[in-house]
Amino acid sequence: TDEPADTAAPDESAAAEDPGAEGEEEPEQETADGEFFVRADFERQLAQRDIEPEGDPATPWLQAIEPEYVDTAEFAQDGNTLCFSNASVSNPWRVTGWITMQQQVEVLQQQGLIGEFRVSDAADDDNQQISDIQAFIDAGDCNAIIISPSTTATLTPAVEAACASGVPVIVFDRGVNTDCMVTFIHPIGGYAYGADAAEFLVDNLEPGSTVLALRILPGVDVLENRWAAAQEIFADSELEVLGDEFTGGDGAEIKNIVTQYLQRGEVDGIWMDAGDGAVAAIEAFEDTGNDYPVMAGEDELSFMRKWQETGMTAVAPVYSNFQWRTPILAATMIWAGEQVPSEWVLPQDEITEAERDDYLERNADMPALHYAKFGGEDLPGFPAAWQDR
Amino acid sequence: MSSDVVSPATTLLRMSGIEKSFLGVQVLHGVDLDLRAGEVHALIGENGAGKSTLMKILAGVYQADGGTVELDGQSVRFEHPLQAQQAGVSTVFQEFNLLPERTVAENVFLGREPRRNRLVDAGRMNADTQALLTDLGLTWLRPETRVRSLSVAGQQIVEIVKALSYDARIISMDEPTAALADEEVELLYRLIATLKQRGVAILYVSHRLKEIFDLSDRVTILKDGALVDTVATADITSDELVRKMVGRPISSFFPDKVPGTEPGDVRLEIRQGGNEQVDGIDLTVRGGEIVALAGLQGSGRTEIAHALFGVDRFTRGEVLLDGRPVTLRSPRQAVRSGLALVTEDRKGEGLVLNQSVAANARLVLDAVLPRRAAQGARRIPGILNSLELVSRGSSQEVRFLSGGNQQKVVLAKWLATEPKVIVLDEPTRGIDVGAKERVYTLMRELSAQGVAILMISSELPEVIGMADRVVVLRDGRIAGQLTGGPGDIGEETVMALATGHDAATNGEQS
Amino acid sequence: MSRAVAVAGSTRTARRRLGATELVWLALAGVVVIGAILVAVDGHNLFSTANTRDMLTRSSLLGFVAIGQTLVILCRSLDLSVGYVMALCSLIAATTMNGDPARVPLAIGAVLVVAALIGLTNGLIISVLKVNPFIATLGVGLIIKGYLDTEYQGPAGDVPSSFQQFGYSRIGPVPLSTIVMLAVAVAGILFLRKTRTGYHMFAVGGSEDVSRLSGIRTGRVIVTAHVLCAVAAGLAGLLLAARFGTGSALVYDSGYDLDSIAAVVLGGTLLMGGRGGIGGTIAGVLILAVLDTVFNILEVDPFFKDVLRGVIIVAAVAIYARRQIDRKASRVRFGGDGGSGGSAPPGPPPPDSAPGDPVPAGSTGGTK
Amino acid sequence: MSATTQQPSRRPSVGDLLARLFGGGSGTVFALLIVVFAWIFIVNPSFAEPPSLMAFLKQAAPLMILAIGQYFVIVSGEFDLSVGSLVGAQVVIAAALIDGEEGRTVPVILLMLGFGILVGLVNGLVTTLLKVQSFITTLGMMLVLYGAIRLWTGGAPTGALSEAFRQPGRGGIDMAVVRQLPWALMILLGIVIVAVAVMRSSYGRTLMATGDNERAAGFAGVRVWRVRTLAFVASSVMATLAAILIGGYAGVTAQVGQGLEFTAITAVVLGGVVLGGGKGSVIAAMAGALTLEALFVLFNQLSLPSTIRPAVQGVIIIAAVAYAARERARPRHHQEVPTQPQPATQS
């Protein structure tokens, strides 16, 4: 079997997941188990937000920030069976992306660039996904394997096995602790997301105001990074963080918790690590007759619509959903022997009040739990595919 | 089994001043009891007198609140049944005490499975059980048989075998014959005789006075948890015994018919009823008539009751009520058409033990006649009074009642529906003389009101003492019918029909 | 009539010989055959080394948990904390090993000890505090969850590749983990069939009261079952660590608690205890694994998988229940094994009262 | 409930007084409830103000309703693990079918009730007629609902709820003092009254009896299959009502309803209702739910780190149930009372 390479991938979660290795290079960062803050990555991501990505802004899913291209000639081939091991479609963000991905595949299948598109879904079960990947390797007829890992660290050995099988491997969204794959596709990342949200609150709230942090669940590295960054920024601000609560992304739970905090005292700002259920949080303010908070949600439509309708002070941080198109395109590029960035960092810009109405305009017919920056407007299936799922 | 014979005189066990309360209610008040090697010591008393409780204290199931237990002069205290067993005390409990899903052998050796180098030796376990069974002449019982597939009687036998297998010096038996018919009772008699031979001391609880006099050397009488007396059985008559036990003389055991009780029209009729278990059943019961259904264990009596009541079915033949053919597919329909069934298994089929007396008594009304339930329920206190129920109020959970009183609740439950035909399956099983007398009187009263009564019983005296007609069952078929009314029918005749010995039976065949 | 019954009795006997376990293995065979056909229609081969491998791999993890779950369920208990135990143990293993092959034995030891202690806690809460197993183990699960969520914000620890072998290496098409799991299963079967404690688990499951009155220390039996169950979950945790290369808390969300119970019941063990066994459980686990593989090959929609699983589990149990029912109906009064013991009068019955003997009185009975 | 009220039999303590009021083994929950509330008031007196209490009851209503439904099933000796996914399914159905159109509100609610009844019927009939232990039946139903709903909506809820639909769960009558008298509270009270009436009715008694001793109930003419099936239907209908309140309260989210079955069962058991059936009162079951909700509030008021809350919850549940078990276990009545209630039917 396959040694897990101890070389830490330069992506945030990888570093976080491999404290030992990182520790040697960066003595100042905490190496305690499960600590989700790596200053180097934090700073790099914050910097990346201001770097102009290469490529056509009209197709952000093909843009890349400071790409280092790798040669893929060795993988050039006519075979076009594409295999995708998906962590799950267990939340609206992933559902939206998954539809986009399928639409992208359809286009390329029509063009004959992709033959069979074989998918397995692990329903958020790491062990299941390891088996799924193993099954793809054993089947032996995948010309490329796309992996959206359910958990960074735990999927590493499986991904390494996939690489070892000689098939080009593409990883996206959440990372793994190895750089054996041809390309790792992801938006700037969790730190940037968390920072966008936190900075907005810092800028828009009076010093001394109170902030409540709502989180989905502990232990998901992408989400932990978001919170880690926020803590970092709140730490050197005048804001008082009332608490951070896990809501399981359940609207009722969110509303209960917010109501209880309001019942205890003032809440001036809400920070969320993912926008699902943001509306429930806002309603808690309405129902208890409190003024709207300054709010950081996500580019999820129900939130953005509520934002527009209430005219509250808010921002929609974005964890670019259009990234679901990129791995498909990357696969075809690799088969064609074209170069791809070894780490393909996609742009990730939050939606501000200025752009809000424009995005709502564009997504007017989209369902509530849809994501504004899904980037599928130009695909033939639009809009039907996203409307009636 | 141990063969060392101990001289009869030696006292093995002495319990003195035993106290026990449940729920702050004292049920044993300083009871003294001593057992001698090789004696059968009967323990009698009304339901709730405390017999089982005393036995369970000896068996380590309950711990006494006060008093001492001495084995061979050594004072002992059993915190767990295991300790009692290790000290040589084994018990046949009143409650069903086997694992239906396990085999006879596994049940007999439960907790002491023979092992070879630390592993259970199933082969030896079966062999040993087989040896034991042969030794007891129980050739028809097989070690590998699942207990579930045994009849009530068979299971009771296994419990006895199990108790014997401990090779104990003291064996207590709590109503071991309650579920046994005379044949098996005789077997038990033989077993007890051999045990005495071997110097085993036997503590024997039964409500059947006959057995007390047949078996016991001494008898201890409990009343309301207090010791009344311990006497040599030879020195006491059954009337005295009953008086000591009940506190009042019980005139004639089986009350006479209420004057003017006359058999009326046929209320219940079964024509050629049959199914997997019974066949060719022709049976009629008239209003005001008491018909007894006699037979050996498993002869099909309960089966007829079940089939009649819609628990099982008659797949052949027909049933008529008041001359009208009826098909009863469920107890519900049976109740609706005026039937009542007092089942033989009180705890398993008769009562919802965690519910109150009141809830139990009105259960049938609630289940079958919800509309009339409320007003029907008003009759219940009256019925309970007339049955002389002893309880801590109608809100007491029935599990805390003694057997006799539980049976009264069951009766009340059915009387509340004012049935036209009532089937009583082993109506006096495990209840004391006082309660028995009450049940008999009730039966007489009912038939005086024109209710048709079908009584299933394994106690021949009761069959003969109460029935106007006796229908005897054998192997699921009617072996014959005996008329003549209370007293005129001989026990031998019934047994002859039941067992099939002496085919030339003199049972009239009208 | 009674002769007829006797015949019926004997055929039933034949049927009864084919016990629950055999039935489950038949069901497994059925699932495999049907699955193979469907897969073949789809142009694949279910028995290709790759797929066989896949099925076995998928079975090993659930296998460990289900073996343990079988023991507690046999005792009429239940363990809803296994998922949390697995997660905790994967973390203990990974953090203890911390990349150092030399520390593997230490880690294994630590895992087993901790697991055993958790099992002990479950067992004591149930048998001493008399808390219903459902609540007891749910509660203990919550306690572990609280610890995990507080201690670990994510995967932690590092499993040396030597130990990852346990999760990845194979002997022929058979994964090492499956072999270990089957070994544990065999041990479990022997334990149940050959040791007193094993016997007593069936007894306690059948009736705690009867067991106690028969001198069994029922508490100890229940505690033992829970300790073994937790240890089995601990082994599953070790396997997870080996496969993940690290420990992960999130595993507790993957529903192994209910899956394991489903597998056990699918394996023909009575949820009310007293009957069943590990042999059936393994078949149950394999059934679920085969379904998984087949669904994967056929690319069944992940949500449709859930629907199918639900239906299949219920359907299977319904079929077993059927058998239970005619089992009850088949209580023979005459003939058949055991039945005779039931109703024949003690002592050799006189020849003339033998079953089938025409009873003259029968015809003349009745009144007309 | 009168059906299980015990006569005073020892020096009465607070627990006993309550137990006598509210049924066997339930004293603990009321004691606990009082303690938790007292504590909350001490930590944060303003919680005692009517508006806060109203808001709290509005939050708590759905779980209490679920507990009532679960009570019917548990007291009859069964289990309903499907309520969580049923709540989720119903909310998603509502959103998908109403799709923002006020006019569709009532028809869709009726349809939801129909669906709830159907689910209950299936649970009940599979359990009683096909003799599948309810633990498995409802586990299967849980999987089926979870999968089927997502299969239908492609994984994430679609559509939107109407304002009218959201009223029962979110709105109320605005008035002085309490600020708002929530509809949810009034609906809850209505349900409670019905539930108590039902348990006092003939049906309630037969339900109890069935849970206590199925066989004896059958011999007494109880149609066990029918009684139990109705209990499952009641449970599903309650889940539907809870769904209407939850959906109304917080709108649609993908995760709605998840894990509610365990919370509901925990609540009922916390209320001193015995798994395995035949014991406990519906009021106590509700009190169990209220206690749990209050507990969550207390955790929040104490600003307990949210990661360790499950642990504390676990400890408290075990302790409370253990204590109640001890109360009930006097007298140690090994013969008659199984010391280990069963999650499944004696079949």
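Brief remarks on what is shown
Going by the order they are written in, the chains are A, B, C and D; count residues from 1 in each one.
One rule holds in what follows: a contact is a pair of C-beta atoms (placed from the backbone, for glycine too) under 8 Å apart; a residue touches a chain by one contact, two chains touch by 3 or more.
Bear in mind the structure is a predicted one, so any value in this text is a computation, not a measurement.
In terms of C-beta pairs in contact, the better-connected of the chain pairs C-D and B-D is C-D.
In whole angstrom, the spacing between the mean C-alpha positions of chain A and chain B is 74. Between chain C and chain D the centroid-to-centroid distance comes to 30 Å (mean Cα coordinates, whole Å).
Put simply, the C-alpha centre of chain B and that of chain D have 43 angstrom between them. Mean C-alpha positions place chain A and chain D at a centre distance of 37 Å.
Within chain D, contacts with two or more other chains are made by residues 155, 307, 334-335. In chain B, the residues touching two or more other chains are 61, 93.
Shared interface positions of chain A, i.e. residues touching 2 or more other chains, are given as 89, 218, 246. According to the touch criterion at the top of this document, the contacting chain pairs are A-C, A-D, B-C, B-D, C-D. Those residues of chain A that touch chain D in the shared complex are 89-92, 94-96, 98-99, 218, 243-246, 248-252, 254-257, 259-261, 263-264, 276-277, 279-280, 283, 287-289, 302, 367-369, 388-389. Chain D meets chain B in the complex at residues 2-7, 9-10, 201-203, 205-206, 208-209, 212-213, 215-223, 278-279, 330-337.
By the touch rule above, chain D contacts chain C in their complex via residues 126, 130-133, 135-137, 139-144, 146-148, 150-151, 155, 262, 265-266, 269, 274-276, 305, 307-315, 317-318, 321-322, 325-326, 329, 334-335, 338-347.
Across the complex, chain D is touched by residues 76-78, 125-126, 129-136, 138-147, 149-150, 208-209, 212-213, 258, 261-262, 265, 271-272, 301, 303-311, 313-314, 317-318, 321-322, 324-325 of chain C.
Remark: chain C residues 49-51, 53-54, 57-58, 61, 95, 99, 149, 151-158, 161, 164-165, 167-169, 240, 243-246, 248-251, 253-254, 292-293, 296, 299, 302, 305 touch chain A in the complex.
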